[in-house]
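What follows is chain A paired twice: with chain B in the first complex and chain C in the second.
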Partner chain A sequence: MHEPKPLLEIDRLSVDFPAPDGLFSAVRDVSITIAPSEALAIIGESGSGKSVTANAVMGLLDAPPARVHGDVRFEGRSLFSMPDRQRRDLWGRRIAMVFQDPLTHLNPVYPVGWQVTEVCRIHGMARTEADRRAMELLDRVGIPDVRRRMGDFPHEFSGGQRQRVMIAMAMALSPDLLIADEPTTALDVTVQAQILDLLRDLRTESGMALMMITHDLGVAADIAERVVVMRRGEIVEEGALDRVFAAPVHPYTRQLLTDRSEEYRSARPGVAPAVLELDRVGVHYGTFEAVRDVTVTLRKGEILGIVGESGSGKSSLASAILKLRRPSSGNIRFHGRDIYALGREEETGFHRGVQAIFQDPFSSLNPRMTVLKVISEPWLLHRDVLPRDRWRGRAAELLDMVGLTESDLDKYPAEFSGGQRQRIAIARALALEPEVIVCDEAVSALDMTVQAQVITLLADLRTRLGLSYVFIAHDLTLIRKFADHVLVMKAGDVVEQGVAEEVFSRPSALYTRQLIASSPVPDPRRQAERRTARRRTLVHASTAP
Partner chain B sequence: MNRFVLKHGTQSLFALLCLLVLVFFLARLTGDPTDLYLPMDASIEQRAEFAASHGFDDPVVVQFGRYLAGVMRFDFGDSLFQGRPAIDAVLAAFPVTLKLAGVTMALSLVLAIVIGSLAAWRPRSIFDRVASMLTIASASAPDFWVAIVAILVFAVSLGWLPTSGMGSPAHWIMPVGVLMFRPLGLLTQVVRAAMIGALAAPYVKTARAKGAGKSRIIFVHGLRNAMLTVITVAGDQAATLINGAVVVETVFGWPGIGNLMIQAIQQRDFAVLQACILMTAFAIFFMNVLIDIAYSRLDPRVRTS
Partner chain C sequence: MRNSSLLALLRSDRVAFVAAIWLMLVVGIALVGPEVVGKAATGLDLRARNAPPFDFSRGWVHWLGSDALGRGILARIFLAARTTLGIAVASVLLSMVIGGTLGIIAGLSRGSLGKVIMRGTDVIMSFPSLLMALIVLYVLGGAPANLVVVLAITRLPVYVRTARAEVLEIRERAFINAARVMGAGQVHLALRHIAPLVLPTLFIIGSLDFAYVMLAESALSFLGMGVQPPSITWGLMVAEGRSYLNSAWWLSFWPGLFIMLTALSANLLASWFRIAGDPTLRAAQGNTGHA
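Right after this comes the complex of A and B.
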């Protein structure tokens, strides 16, 4: 078997950025080749240099400050040394790119039809021809009622539709190579599955090569033929998809794969006392019904997982539990008392007993407060909990509990990584010794290995302190491993609820089955089977956004 | 879009009504008008007659009603010194100011867009540094000083340009040049900042990945988005210019509304003053409606919300 002539060769690429202490090297000596029609996935966590590599190929890094060394060749011609005009002729026509967040990557002030025709127009197609082509493409990627919607603006489409528009734009001139940088990360799982299917179909039709950048092993297992695993700017492992997933060589790859399969649940059967009871709770925003009729009980030491896609009402439900939004119907009881009809003392008790951790550890901590101030702020509001002279000591204990050290007390949030900040948020939530912690997508913004660490910490704290969690997530895999009870929500309704293991192994609702089928697993063979199964369940939903 | 403009229009109209009330009562607060117009030794009968002929002896509410009714018909009463209806004096002066403001704004905007965009393409380049320095200086230079220096240099020493009045194109150079200082400096800064933001936006990356060239990226993708910010500041600046380029008009003897307003204040010609204030207020109100329309034209997100 002879090697096919490579389409794209990344040859000892290095990218450095100036940092306060010298140079930060984001990509070191990376060589990757892609053959025509090949599907390659570059896997890595944030900071692994996978996106920087993709952007360097497309010449999208700002240089300076970025310093790029090495070479990238397309059909043997160096992209770095060719004249600007020749390179621009390749962009969009031979090599196209799809980005992570379709809302910000589409120009807000131009109609989507215009934005698709623009690629054709830049490369010299006549206007009427370009219009016809744009309509054809938008129709092909599944935008309904194209003739009417050509003139609509990006904000008038759903997230999935926007990504379809981006894909239509990229496919406009049938490129030989499509670079997709986390194209499904910002989307819900069912939409993600549709987009992956679309990319797969387009690839079969046109025979283009695909370079998929992703942090999600399941996505890689779904679409790639070959994978490259990157860590801290270097390639740690490379090989055929099946080989890498079945027999990973590098310890980091092995760690990535085990992080996803570890079990956290320490199911404790038996009936513990109820801490939080929701009885036919509904939440309205004006006339819009965000949550309908939710009835569920959270017992001591239990983890209640709430799964749903965006717009399912899961966060509205969390707001109602945290007393941030009064339910329009039903009631919520904490230790048997309606939390919206508490006396003054009981009110204080409720606020101590129920704490929250939010999704974004970057914006939920005040950047101008030291860690000590962040953690001790609850004590400032609840004066009787702890005398001031013991704050520092207790804060240090809490930091120790979440895996940080006393020396971190005087630092500012900016000095910590995402995972560490989420640990600080947990320490703050623990300051008042709560019984219930509401985690609203608390680990969604974190990388896989960090996610695994934070989850382990939460599981450990549950066992040690007898905490109960309301754990809201869109990530099924996570809920499956972590929760005791699960509530599946869709458009404000609870479509299924019950003991986690049963819901996941024997889902009764069609929607739960779709969710499970859509969520990619990091196992190429199983993923292929699931894909076929999913095509059957999703067949009637394929035109939906 | 219509609903958006209508809503903002109604809000501005309400502000205009408040101003009507304010102008009326502030004028009354300056004292009894009779004292200002009649000689010190006027008899009580003379005073009563003057008050009666101007309606000052009616209850304030009645006067206010009459004033409002007049305003509706653009009748502000007669100017006491020019012997003609106040509105005529204002209508003669206003177009002169509008022309001056229009030319100044148009030139400033075009220059600001060109200089600001070029500065934003390569932030911290030599061009950007020089442009930033000059525009900061120009935005902060006091106009009375610039005007007087300009007269000293170009009219007195060099004798190239006329000192004051309007007529030939040469008469326009100094007033426009001096008036442009502030809006040009400010707008260049705003264009630069907005363009840097727009050019760093993800959609510009998309455009580059499509194979778009420099001019398409700057003018089609960057500028159109940057204009959303620029329009707001430009409208604000235009309003200031319409409001009477008081200093510049006075220095260059430009027969515009700023000049007229100063005269009316000096002569305590309340009818003219009220007409001036309401006219400029109306112009600013109109200006704001125009900005809102421009804004909703430029930003589809505003149009549909």
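Right after this comes the complex of A and C.
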């Protein structure tokens, strides 16, 4: 375990940014070492300083506003004090980086092949040799039909393929250290699994070290040998993967690893009256069929989980339920009445009974309205619910219910964090005392601990107020913990549906099995077993994303 | 409480503060100036023909020099302030309100109404605005009210297109869907959610247009189609002084300076307001003390 000479040493690194009230320290006194060909994962939530640390290593911080202290040494030589020329030579040749969003990090106006070639040429490779090497690399990362696709532009590739191209560029000069900043966060789970496999294979072939930055414990469990857990700019725990996951020392790590599934679920078999019924619902955009023939029933107090990858039609289905997009076939019934053929009175009743919480906490609240205005908007639209002089009091009660305080009523959304905004959105959804809340990826944009808090809140409200949820997510683990009834969608079709526990323990559709196998679990040993099992089954299945 | 904090915010931004003071001064002049100078602005005094500025032996109305008929420039500027600002403010407000409303409607409408509005603005845009103004004013005569309407119409497309573009973006945000789910109709969406977000942008354009309209008005007046003597505007003063540029530069310079400073102040204050009026930006900016 003890390497005599570490590859990269981050030595008491601190990074401060000037903020309105003094200095904001993004990273405080962080020391990390990486041995040659070691795989290290830095785990942390947003604001933990994990990306700032990586950017400091790669010299991507703007020096004047950011104040950097401490040192970063590569093979014993300080990156901060070496001449620019030498440092530029290290970046790219010895240390390479892969980013989260491959679309913004690839230049849209150049062909993909040209961009890979460019990396080789910057570091002094001859043109023909660079071309040959680019082709070899793209082939290695699994781009099919490379010779033809070299001339294609980034937008002509899928998200997973673009990430493969980024990896090819990073691998161009066989670096000794690859820094990957959330490389799979924007990808679907099945694609994520393939990218992780690719990274692992490349590492075994070339013997490079990997510094993986992630918020996903499952990803860390899948790929790392050692983990560093960061929180608010400091390292809270560090150690071998198995040790940290099996016996976390720091309370924060323990909190991250707690499995809350038992708290969430309050199993209710389907005996309660049906609230919402979907009957052979289809949604078309022009000739494109986004949703085909969905039939499902939501009962009182039940949580219906809809799971699927991007493009599966789950959000289109939500729009149809919310009357935002008229379905092209089938019908949706709320308490037995078709929601697209309601009288005036019933229409009002529907808008009171069904509310929504959306994915992006930053766009779901009007930035120009105070929290009080946001929460009382439903009462403005439905004037008979509550007299105006009681708005403030009731809004304060609702805020209290979602864990905020009355003093927050006069603030604007910009003054809150993502998790807090989502709580405000929940308070707004509760204002009309609805029966059904449609949560369209309502917690996907939130950090793990915040996500857990919001889920706990939703589960608690369900028990207290008898709410039903349509809970849409791409995160399988979440649906598994939270939903009573599950609908698995793929490219507009329902491939499987049933009681959550049964679907997850005995999946019948091949796609469900693939999804379950691809979704990483935060347990190194089980993840390793699952990986081998998955790779065995995938040998005959098609692998291209 | 909110007004006093806005004022404190304004004082902390020195440039915007000076701009605000200048605008208040100009508005004050427009309100009471003509009465203050009274006869001095119209009475002839041929001994003071083209008298140079900074000669403090005559009355204060002559401090900035005198024009070809011996009237004090300062007095003329005071007199012209009311017509100039009146025409500019009225036509900017008119085109902002009408254009903004049409733009929001065009943005929200998915049917033919939006198309009709957009094609209408295309027609206005494709017609040379000065030519249209000339024709309309020739037919209707150069009364200030006609001038206001003509200037407003020629500037309409900018507001319509900007408002529509903003609406198209805002329409896709989640809070609009959230309001729809609560049962909000188009009118509620337009007034509660969309207009407050579109308005700051329109204000910025309006303040830029303010300068443009003042200049367009002077161009029309110069061509004899706008305001007619004995009425006077700053633009007309610049135009009248043009023939004396070689011998008496102050005839055009002072009114020109007033146009420039007023337009500049409007722009500066507008860009300050964009930040101060936006709770999102204000939260980020508030403590640093400058914009």
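We take it that the second predicted complex is superposed on the first by the 532 of 545 C-alpha atoms of A that agree within 3 Å, B and C clash if a C-alpha of one lies under 4 Å from a C-alpha of the other, contacts with A are read in each partner's own complex, and residues count from 1 in each chain.
Criterion: a contact is a pair of C-beta atoms (placed from the backbone, for glycine too) under 8 Å apart; a residue touches a chain by one contact, two chains touch by 3 or more.
A quick note: this is a predicted structure, and the numbers were derived from the prediction, not measured.
If chain A is used to align the two complexes, do chain B and chain C fit next to each other or clash?
After superposition on chain A, which the two structures share, chain B sits beside chain C with no clash.
After the superposition on A, what does A:R93 contact: first (chain B), second (chain C), both or neither?
First partner only.
Which holds for A:S78: it touches chain B only (first), chain C only (second), both, or neither?
In the superposed model, A:S78 contacts neither chain B nor chain C.
Taking the superposition on A as described, I'd like to know which of chain B and chain C A:Q355 touches: first, second, both or neither.
The second partner, chain C, only.
Quick one: classify A:T463 as touching chain B (first), chain C (second), both or neither.
A:T463 contacts neither chain B nor chain C.
With chain A's C-alpha centre as vertex, what's the angle to chain B and chain C, nearest 10 degrees?
30
Look at A:T295 in the shared chain and tell me whether it touches chain B only, chain C only, both, or neither; answer first, second, both or neither.
Neither partner.
Just checking: does A:L432 make contact with chain B only, chain C only, both, or neither of them? Give me first, second, both or neither.
second
Report for A:S206: first if it touches chain B alone, second if chain C alone, otherwise both or neither.
A:S206 contacts neither chain B nor chain C.
Touching A:R368, do we find chain B (first), chain C (second), both, or neither?
second
Thinking of the overlay built on chain A, is A:S505 touched by chain B (first), by chain C (second), by both, or by neither?
So A:S505 meets neither chain B nor chain C here.
To be precise, I mean the smallest distance between any C-alpha of chain B and any C-alpha of chain C in the superposed model; what is it in Å?
For chain B and chain C in the superposition, the minimum C-alpha gap reads 7 Å.
Under the contact rule defined above, give the chain A residues that sit at the interface with chain B and also at the interface with chain C.
none
Along chain A, where are the residues that touch chain C in the complex?
20-21, 322-324, 347-348, 351-352, 354-356, 358-360, 363-368, 377-378, 380-382, 412-415, 425, 428, 432, 438
Which residues of chain B touch chain A once you look at their complex with the stated criterion?
Where chain B meets chain A, its residues are 201-203, 205-213, 216, 221, 224-225, 228, 298-301, 304.
In their complex, what parts of chain A are in touch with chain B?
Residues 58-60, 88-93, 96-97, 99, 101, 104-111, 118-119, 122-123, 153, 155-156, 166, 169 of chain A touch chain B in their complex.
Quick check on the complex: what are the chain C residues that touch chain A?
Interface residues on the chain C side: 173-175, 177-184, 188, 192-193, 196-197, 278-280, 283-284, 286-288.
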